[in-house]
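Multiple structures are listed underneath, in structure tokens.
There are two complexes below, and they share chain A, which is joined by chain B in the first and by chain C in the second.
Moving on to the complex of A and B:
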């Protein structure tokens, strides 16, 4: 089919008008169209297809569609023969098919391909996550196993060290082995923490706690490290906060201890300062800021920018792998808090950790009617002043002295109505003087129930008669204890001897664990059977015996009968998990002093031991 | 059996740590307890597979397992063992024990 001149002109003009083409370009286009109709040349189709694809403009596409429809209507109406009409129909069908239908099919294919790619991606991601999880799990398991083994190694090294049998070089080797084990333990612990954080296994466990008590625990934690740095002094500036808060104490402590340990590690002389201040956010919420500064080696700008990256340790001769600050930073983020650092090279660093905490409704400070006496030489000690004001507001009867002679006169002239608590904050030399005074006061009956507190002593002092000694500050909860245990040095130390008999080693170990924790001075001998126990009883005097009732060979009752024949018996307690009435009756009947249940109920056991210790004349 | 041991191990860590003991002490005791449990369970398995056993011996082994479970804080399984001890002279005692340790 050949287009007439008139048709070519009309089509060219139409293309010119509709698409803004030049005369030449529109004629080329019509020529291509004619080639399609005449020879089936697909150039025209491809050009259109490309133009639509290239422009990605729905108006342009719509314009082309309209143009094709109009051209079809025009040419089809103009055709004189059936053959021409058929040619027009076939070619326009081809045009539609290639431009639009093929485009739809192409889109469909693209969509399918994209869908397949997505599936592959999903599958790959899943596999990757599984691999990562396996890896995390593997690291966690290995770390756990390593930790278990290291604990055992450490335990054995401690035993060897305690025996003190090694000499010279061997002793040094032992120290090096102990040191290396501790480094490895810390490293494994850090790896476990990082694994936990990365795998999202770290759980936030909130609880009610006192901020001041938490900080005292943090200070205790680094006390040993500080002992090795005699030229470094720790100062505290803790805002008086007389309320309990609700937060993740364990992880907050981990962050603070981490920063404090680093401060100790990187400071060889000068100071470390722990400051805590709060901002009230609402009635129920406060922002707590912990600021830890030091006069240590400081960091360069580059080091500061890497401080929270894993393995960023700067001074290689210092211990550690550099995971600590990374862990602290990750933990702070997990707690919705912030951890920032400012540092000057060779001058020191300042770390600021801020975290929001809810104010707990628990833990009311009930000191109504309590009589408290303070002696504080420094009249400007602001935190102290706030504490006194607070205690007064809460109904405590507070006496406050700043002058030594007035305070001592007050104490010596008291004849009744003595304070429940006497807190002394003095100069370093003053404490030894007051320790001697307390020795005298305690010999007077009226001071029998008074608790003597030394605080803000700023260094480790050996004080014998103070009941509570705080290097920095005393916690406010000290004054709300309903019954303060008045146990000071010089009182009974519970140094009695106990013989425990059980055929199961684990039971004996657990018993030993509990007893030695509460009463470190008690001598506890362990026997794993009746005959062994009888042998031990023959050669040593015991203040108490604990007998497992069911043992292979001689049972507890049989052992008891044999012990009776050896000599005067100390209180003998049955130790059993079989708490049946028949058993209890039998225990009473044969003359046991009582029955201690398994599993151990520590407090009950401690009460029994305390009673025996108090009755024992030693 | 493995499950009970693993469960006990887990419970024991939490139980002893809650008293504030140091980790290395807890680990030592838990490891020792686990070994004793394994030994006692092996003995128990040996006894029930024999079919003709001494009831007193069986009771002794169960008593020992119960003691360790309780001491390590796994009172749930400890109570189950206690119940088993009450039925050692019943005709289906072996089945019950096998069920428990499978």
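Moving on to the complex of A and C:
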């Protein structure tokens, strides 16, 4: 069948208009089409199919389909003989078959393949989850055992150290053993953190907290490390932020401490600088940026690219598994924050951690009527300026001195209406002088309730009479504490009864040593198993119970259920080395008052006991 | 290098004296191929003719895939003594020829046999930085075991042909690509004899597989639906191991028969298709080869690729034609030899598209 000139022109123009082809290309296309009709040459069909594949555009494919249908209708209607009609029918059938029918069949097969792939993936996911669960259980068990053992080792070492009976080499061995235990504890903690992050067990626990207090805790955390690096100086540049924020303090601290520890680890001389600044995002939200820079060994480009990979420690002689930065990075992601690094080899590194936090409506700085006196030398005034302005705005009566003689004169001539707080920021030598002055002032009755604060001392100084000493900066909340002086008026007497249940004798031993050291009046009864504990609980009233969760015979949960049936329960704390979310959740769910972690952290335990003692009517 | 790709219908139009002709024929049409060989030999007495039986032929013209019984010929006029051809029995001990570092190589084997992987490895070792490509001959019915190779008038049923091409005159480069990625846990072969796996992870092999993929039908086998990545050496990631297809299954012994020989402690991972976008990206790797106007490509597509892509395979071939910008010829094979990345060692795979590009050196153009 041969197309007429008129038909060729119409088809070419149509192709031109519909597909935006050039005159030449549209004529070539029609020529190929002519060859299909005339000689059965399939070039046209193949090219069309390829064009559809190449473009991957539904509109284009639809356009081709419409064009084919229109061409068919036009040519079939225009055909004058039955033979031409048959040729048109046969060739268009071929065209449809190759372009659409085969393509549909292919798509159908792809769909079937996709179903099969889904099935394989479902099976794989199921197996993967099972494996993860087994792994989690295994790690939980191992960690439980390790933490229990570490609890014992750490506890005994602390007690030996506190008794201070060792001398010479033995003392050194004790220090080395303590150091090795701490390293091991950190390692177990790192492995647990990674496992928790990887298995999605990491829980974000938001709370209200003060940024400056949090940073002070971070600095305290690395203070010991810094002591071993006398040539390294820590500087701080903390933006004054007089509000509470709402965020995951624990994990934010973990990130900052990780970076700071690394900075200390890899800096042998020079500086480490901790900077904090904020960007207000909205009325209720701020972006907090923590920038930690150092003049340490720095990193090569390759090292920078691997810094957040697990086990990426570069200098093998430095301690650790190299998990710290990996954990920090993962935590930052989990907090929807960002952690980035810039480093120059042999020059140092800068880590920037940014995280959004809500501004808490709680924690207003209520200093109305409080009398505060500052002494700071002129050059340091800028860092005080915002604080002084803020305190005045909040209703505090602030006296500010820049000159030493005026300040001393003021203190010595006061006879009534003394400040609640006196904050001194001086030159390095000045503090010792003021320490002696405070000794004198404290002998006067009028200064009995005044809190003396040393700020920005910048190095470790032995000051005996200041109530609060801050190497870098003081927290704003310092001025809202009402019973500050109570702290120094001796410990309260706690006459409560505690029942502690653990199948491991060493754990009970250590618990007893720690508690009796801090609270000599507390009665601590020990039970080495569930049934024994139940028997004791039946015959005596306790103010607090500590239950090991993993015990042979009755486990902690079972004992808890049985205690509930006996009578009203005092606060019952789970005592466990298994700190997986699933375990913590279960502890909360069944009604425990909380979980005390193993290895035992004495201060946390003391806080719990103090809280219970304060709530108990004794 | 003068070259032409011709079919039975166009062979008479050959207008130069070839030094070597590589012909691909369907095994059921060996007699036809022999006739064409005789015709060629009569006209060009010095010509070498290499042949390989196929399931179907591939070349760079419509219809791209020749499913009927025609033959296809790559006629080359190469520099004298620029190549050598050897035929060996399919026995690891028989491979002994003077190959050395001056050659690249193309291999055609009449069938898969025990130790072929080692032979490929050993040849590469001897060729130094020389490249090696090739394919296992195929037949219209996979299980018939009637595939052959051909060399100057003789069909060989249990042999391998080694075509050594001198690197001083011709470059030979290329790549094998596939469309899969490993998934899931590795399965350790705990009982196997030759190409048959009886146990995976100490359990009946077929049951283990069906637990993962569901019931396996004959249709699945014919469509090569469940290829494996086969790891025979430690220290290699599954991504860099070869793909192998299931030849058949036995529901009585609960065994799986592969197109490869395996041994106990070999490891398998199931392969699942990568996305269409990734497939096309992989195909684009072929576009990157620097060639000249006298380059020609030998293309070995697994019969599994044909089964997988079905009627759409020609679209891939057209893409190759438009982007490779050189003629190509080849066939659907029962195994392909080539590297997964340029510069890597060649391995034997299933379910790949393997391309070997031969180009005369610039100075010989």
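Note that the second predicted complex is superposed on the first by the 332 of 618 C-alpha atoms of A that agree within 3 Å, B and C clash if a C-alpha of one lies under 4 Å from a C-alpha of the other, contacts with A are read in each partner's own complex, and residues count from 1 in each chain.
Assume a contact is a pair of C-beta atoms (placed from the backbone, for glycine too) under 8 Å apart; a residue touches a chain by one contact, two chains touch by 3 or more.
Quick caveat: nothing in here was measured; it's all calculated off a predicted structure.
Undergrad: Figure out whether A:127 sits in contact with chain B (first) or chain C (second), or with both, or with neither.
TA: second
Undergrad: Per the contact definition in the header, classify A:53: touching chain B only (first), chain C only (second), both, or neither.
TA: In the superposed model, A:53 contacts chain C only, not chain B.
Undergrad: Looking at the overlay, does A:392 come into contact with chain B only (first), chain C only (second), both, or neither?
TA: Neither partner.
Undergrad: Touch test for A:43: chain B only (first), chain C only (second), both, or neither?
TA: After superposition on chain A, A:43 lies in contact with chain C alone.
Undergrad: A:552 contacts which: chain B (first), chain C (second), both, neither?
TA: Once the two structures are laid over each other on A, A:552 reaches chain B alone.
Undergrad: What is the contact status of A:113 with respect to chain B (first) and chain C (second): first, second, both, or neither?
TA: A:113 sits against chain C, while chain B stays out of touch.
Undergrad: Which partner chains sit in contact with A:103 here, chain B, chain C, both or neither? Use first/second/both/neither.
TA: In the superposition, A:103 contacts chain C only.
Undergrad: Residues of chain C touching chain A in their complex?
TA: Touching chain A from chain C are residues 62-64, 183-185, 211-214, 223, 225-226, 270, 272-273, 309-312, 314-315, 318-319, 322.
Undergrad: Would you mind writing out the residues of chain B in touch with chain A in their complex?
TA: Against chain A, the touching part of chain B is residues 16, 19-21, 23-25, 27-29, 31-33, 36, 60, 63-64, 66-68, 70-73, 75, 78.
Undergrad: Which residues of chain A touch chain C in the complex?
TA: Those in contact with chain C are residues 41-43, 46, 49-50, 53-54, 98, 102-103, 105-106, 109, 113, 116-117, 119-121, 123-124, 127-128, 131.
Undergrad: In the complex, go through chain A and note every residue touching chain B.
TA: 147-148, 151-152, 154-155, 503-507, 509-510, 513-514, 517, 550, 552, 577-578, 598-600, 602
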